[in-house]
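Both complexes shown next keep subunit A, but they swap its partner, so subunit B is in the first and subunit C is in the second.
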Partner chain A sequence: MPERTPLSDPAITMELVSDHGLSEEDYNHIKEILGREPSFTELGIFSVMWSEHCCYKSSKLLLKTFPTSGQRILQGPGENAGVVDIGDGLAVVFKMESHNHPSAVEPYQGAATGVGGILRDIFTMGARPIAMLNPLRFGNPSIAWNRYIVNGVISGIADYGNCVGVPTVAGDIYFSDSYNGNPLVNVMCVGLMDKKDMTLACARTSGSYVVYYGNATGRDGIHGATFASEELSEDSQERRSAVQVGDPFMGKRILEATLDLIRARVVEGIQDMGAAGLTCSTCEMAGRGAKGIEIDLDCVPQRAENMSPYELMLSESQERMLAICPRDKIDQVREILTKWDLECCILGTVTDDGLMRVKHGGRVVAEIPAAKISDDSPVCRREARTPEYLNRLTKFDPAAVEPPADYNPALLELLAFPTIASKRWVYEQYDHMVQTNTVVSPGHSAAVLRIKGTNKHIALSCDGNGMYCYLNPYIGGMITVAEAARNVVCTGAEPIAITNCLNFGNPEKPDIFHQFAECIRGIGDACRELNTPVTGGNVSFYNENQGEAVFPTPVIGMLGVIDDPQWITPSGFQDEGDCIVLLGPEVTHLGGSQYLYQRMKVVVGPCPEMHLETERKVQAVCREAIRAGLVKSAHDLSEGGLAVAVAEACLRSERQLGAVITMNAQLRLDIALFGEAQSRILMSCAPSSLDSLMQLAKVHNVTARKIGTVRGERLIINRSVDLSIASLQEAHHTVP
Partner chain B sequence: MIHAKVHVTLKPDVMDPQGLAVKNALESLDYKTVSRVSIGKYFLVDFDSSDREAVEADLEKMCKQLLSNPVIENYRYQLEDGTQ
Partner chain C sequence: MKLGVVVFPGSNCDTDCFYALKEVMKVAVDYLWHGEQARDDYDCIILPGGFSYGDYLRTGAIARFSPIMRSVAELARKGRLILGICNGFQILLEAGLLPGAMVRNISLQFICKYVNIKVEQNHTPFSNFSKSVLRIPIAHGQGNYVIDAHGPAELEEHQQILFRYCTPEGAVTREANPNGSIGNIAGIVNRERNILGMMPHPERCSEAQLGSADGKLIFESIIRYLSA
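Let's look at the complex of A and B:
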């Protein structure tokens, strides 16, 4: 290996400060906190901790408006992950994160390390990871570079998840030109634990040891957090160090070792080293416990030679953990780590003076009040302005689009459209059965997992339609939550909490900040109405490529609980002769639909409406009807509207059942079939249950109509659509 | 006809879990003097052309686009004239 001399500390100039992404105001604030000029290492520490990625400076004021408490919430935002009580002494831990920028420059490792990172957030809380979900947004698949990104990201996720033995149970994928060059790679992980095992990332007792285990520290990923807080440009391709390489086998070992440490009750706090590595884990754990922490960098296992304190503190090498261990437990800690072939490195101790003190080569290279690094981080009040495009796009009257001359090819083309087409080619690369708890697997509205040893099941879904949020950020934000909840309700579950990943462009641009603020307002309102508090999440800004922002794309991960396995409801039709019922309001326009996007290649029209009260009632009817045993299948209407939902319900029936649908003749058929009005659920029921189902809807004041019958081997809609199930299947399984 | 031999290796500071696994395996077989193993890729690419300059220009592009990822990997290559 070529010999590298340690970086000699450069003199601190305003140029260096600004290269670290800090303003003059920030710098003066740093001097105020320290009472002196910072050292180079200290400047690096502040730079990463005060980057958008770590301190949420643009978003934290707005994030505070989210509802975050509830009876079931054991831990809300601010920890490694949110924790929700599901009864029987059990808790579910879940969180979503983005790995957008790394995946744009190195799709395989970017996605793989995203999976590794979110897994660590879950097991650090004391939970065994039981499921992964992957919401992905890619550029137009007809462009070769986008296909390269798609393949790399999907194999990265599959390989890491499959190696560590955590099933990937659901996800969603959208394709749009808006994501060209800046894909969105969000990863959600769900874990299960005994409530008593909950462990926080906190240093509580002075004198406790600071223990490092996992991979050695190298020069990789230095300033990854800062990198995530910049727009991508041509030369991002050439950036060296911001991408790390994942090591799933090590990931698995630290997973098992961490759970052993927690169950043996030998650690008092634990945090993984993710973004901003050693810096973030030390100062945050000390800060949360109102303690200090002292570490000696000479004790850090190093992969590269001659690493400077600056590099050691900022490295983002993967699969590294930091635990706080009481002095009398250190032998047990060492024993457990040795069992998993991990070295136990004591870096230092927890102190009483509230300072984060870092030593290197016998010198103190950083000494900062630990709590101040996070508590005093900058807050930016960004300017928001309603974007001009909104007027232009929403004025478009979708009714001006001619109805299709022939509905058969129109439906087949829509079913084959990459965003709508089956994602089997993706999820068959994932292991979704490992751990053998997956009851409803990928390809349905939501995944359902059993909780071994109980009657309970959990349902999981992730959703986020960037097109709606682009056309109306407030309504789009509400729809994102509503749809995720509806998906979970359709499986028979009660939605109880969300996590989120908010993907937006550059927040310094007033147009973008307007989108962000409005989406947040919409998500908050929907969460309040549907009683699903926010347990945490992640904000990813600067998702732009060559100055163009991606669609504002908040993604919601929804957790639902099913108390009785009899409630678990499939999305495909079950039996010949069953009645097909459409629950929810009438569709009125084609705005924001995939149908318009596919035909016209533009995103136009008003966003579909969302009335939260209607949404809540529709979900209540669905839930109650399922519990009363009236429902044989339930499927949420989303992209592609009613026609696609019916086709999917046919395709998902085990026996490939057909359906005969009769639509209201007064409505324009293309609007009725392809419009994406919200709060709608397609159900099937036995003819003998129809009256009771209609009655239940009436009690809740929800519109319900019988629109057809499960019958034959063809999908027939009025006199306009007449297609064999085999032809639907062929179209739906088109690989882009 | 031109033969190209392309070597792709991870950049020096990028972690190489595969290399590390092989190193550990060698150690467990009692090879105590191994200090580092790194794993890379080796491509043989044959061109139906005798225009070295054009081939090299193409190869340079291939390396950047597909054979390596310049973000984490280095590449180098040699060109040889071949008969068949």
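Let's look at the complex of A and C:
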């Protein structure tokens, strides 16, 4: 039993327990697990491990409803990252995480350490990180503070990712007042490995050494996980000390050293010290292997003086790794670490007694059954209630909005709208080419990377429209998956698995929990229908500012595989005279559209519909048409509707080709052009392929219409739009 | 013929250079660890891009003290070819093997994109080809080349300016200059013409699938020179 250590340790009172975010019930449970009162250090350990951020207490019951298995899934949720078999003995490892709260108070370091953290999750599995994607949501860019956040986040991502040499190949950025003060900074990393290199975060053999390498431990980031589990308020700016500081050069060295250790087969388990630092890595590795771990904190390299055991266990200093190393391999481990100028510190050993035992100054300061910390973590059954606003907003009839008097400026303004405008000003700050695998660069619907040494390519996309989820969380959840899948299908890929990052407000509020539960249901249903299991992800709650929640924003990261390079399909038009074909259902309203948001500054109306069966069929037609060689370009319709998709297809053509489009006169033109109906793909094909393409659509019972021709140097739609490609270009490249 | 790609801690284009030489150019190439000396039998040494030592202090300022830089200088003195790409160019400047220095891009931002460069000389081991404008990517935060007042004239006089940023048609204009470098300089050679430093990345455009194969011309030129 631990002794009361340093004199400075406060006495455990219910007030202290409550300050640690633990309830009386939690506290009684802790006493039950320990059979006694916890020490201060132990209280800290339970506090972080039982925070929402680490133990998913509000979400875990619902997350269990996700489909997580499939032929290709080698590792589902629960490890550092999901692992998917792509054939040829290779596996893709991928995961997404959020760094929302740190980025709200310290955008540069918040975003940079988000990148560093997700990279470590990937390479600790044994995979070399080959791509990063960054879904970002920012507040209104006309507010100076938001611009400060935008610039800080983008530089933070760029400086870390560029230095480590992992290309940032895709992302998406939305701007909305909803994210004022609480930006969403999600980072996704994708790694590639030989299947046989897969390494788990698990301590399996008693007597093996517990090895620490990387940065020394400081006082930065103490209670970062707890900070992530509460709402932001005016006081949050004073929480900068909960934000860690990144060192990409150290990140790069631990990346190379870790991959060397794994390939040399000298470690049996490995985990990075991310959220909850040393605490999480020790108790999770011991728990997974049904072992114990004993460590001596005096052996932890420290960069601050007189750190208490509480601080050492809870610090979230970045770029630190913990490996389990068989005794006879320690010399090889030391040699590899020395090559990368890293110190090899043995903190302790794996034991048989199942206890996480922590010593400091010769005394035991914590002794907890390791598996119990995760297995017995609290579960909260939150109340859900349909929010009142839904009735109000969905009653709004968008047809009451006057059509624009002149469609030319209407389209140009929409193209220049920050959410829709080109993000070139962002992705040119990211190295998106390093590693020389990027075949389709940012600026398209999905990125395509080659897998060297094979014919295979992978396609990657991330999507998440918070406005749709706000208007209808269930349908919005489905659309998020469907759109991510559609994006990779358009490149010629077959979607095979997803990861996710679920960004919501305070789950203790029934309105918010309703949004969460419904989004989960939508995502799960779509994943089942489209056969893309969930391999893992992250939940970020408490995304609120001054008590206002952000839009419910689940973000999906989609992985697709392309077996034949000939299938890779661009999104821009290719040749003069090609037919332009629109695949998918008719648009019926303007609800939830960026067009309404941009023109009327309102988020209203019904959310676009989603029929999963139609979606699946549309994607099947696109995939089969591409494989049959019928398709010259394919572009998914999303924000901004048909008009924006056609404009982008013109702008993305290498020769800046124009298009002549004729729309059905029965439909209101503004709805036809700017409505955001789902399950639609814009294709171009040679005139000689048109009949076959139409026939294929008919076989699948999918609506397909020829709507125009690739022609000239202008975009012409009926008699309403007539714009030069140069003017589209100028509008699209507006920097907010 | 044997080529070597140096690996510093923080190099991140080392594998890309290695791949381009081995798999695309099909020549013998080794990785050379920065902490060792390069043997005398290397015909060409490549200092790759990346962030050696995390760009701490100044780009290339620490890497130039790596043990291997002594043998790089020695091999250069013997007339072997040395190619510094991006961070490799910055290291060559810090090591004094090429004149001038780098400061931050005029935009103060990292820039990754395709640019065009005009080939100013064809009579170097690195540029013995006829194409006069190359389409090639850059990816750097500090590629704004500067030199003392007499520098530009001296570089001109000794025909040391090999590449300048230009328009697709080959016009050297202010608009075509992505980083503010003096005289649109993208790459320079030493007076002996066996050391080239360039900011753009030929290894990133050596296969058409990656958007351009113009970088291959530079590697082909090197291999032709070494085979002669």
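Going forward, the second predicted complex is superposed on the first by the 728 of 736 C-alpha atoms of A that agree within 3 Å, B and C clash if a C-alpha of one lies under 4 Å from a C-alpha of the other, contacts with A are read in each partner's own complex, and residues count from 1 in each chain.
Methods note: a residue touches a chain if its C-beta (ideal position, glycine included) is under 8 Å from a C-beta of that chain, and two chains touch if they have at least 3 such contacts.
This structure is a prediction, so every number in the text was calculated from the model and none was measured.
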{"item": "Which of subunit B and subunit C A:Q244 touches, first, second, both or neither", "value": "first"}
{"item": "Touched partner set for A:Q435, first subunit B, second subunit C, both or neither", "value": "second"}
{"item": "First (subunit B), second (subunit C), both or neither touched by A:Q109", "value": "first"}
{"item": "Touching partner for A:R719 - first (subunit B), second (subunit C), both, neither", "value": "neither"}
{"item": "Which of subunit B and subunit C A:G218 touches, first, second, both or neither", "value": "first"}
{"item": "Which superposed partner A:Q318 touches (first subunit B, second subunit C, both, neither)", "value": "first"}
{"item": "First (subunit B), second (subunit C), both or neither touched by A:K601", "value": "neither"}
{"item": "Subunit B versus subunit C as contact partner of A:R303, first or second or both or neither", "value": "first"}
{"item": "First, second, both or neither for A:R381, with subunit B first and subunit C second", "value": "neither"}
{"item": "Subunit B/subunit C common contact set on subunit A", "value": "247, 249-250"}
{"item": "In the complex, subunit B residues that touch subunit A", "value": "10-17, 20-21, 36, 66, 69-72"}
{"item": "Complex interface listing, subunit A residues touching subunit B", "value": "1-2, 105-106, 109, 148, 215, 218-220, 237-241, 243-247, 249-250, 303-304, 317-318"}
{"item": "Interface residues, subunit C side, partner subunit A - complex", "value": "9-10, 12-13, 15-16, 19-20, 23, 49-51, 53-56, 109-113, 137, 139, 141, 201, 203-204, 207, 209-211"}
{"item": "Subunit A - residues contacting subunit C, complex", "value": "155, 158-159, 162-165, 247-250, 252-253, 340-341, 427-436, 438-439, 441, 450, 452, 565"}
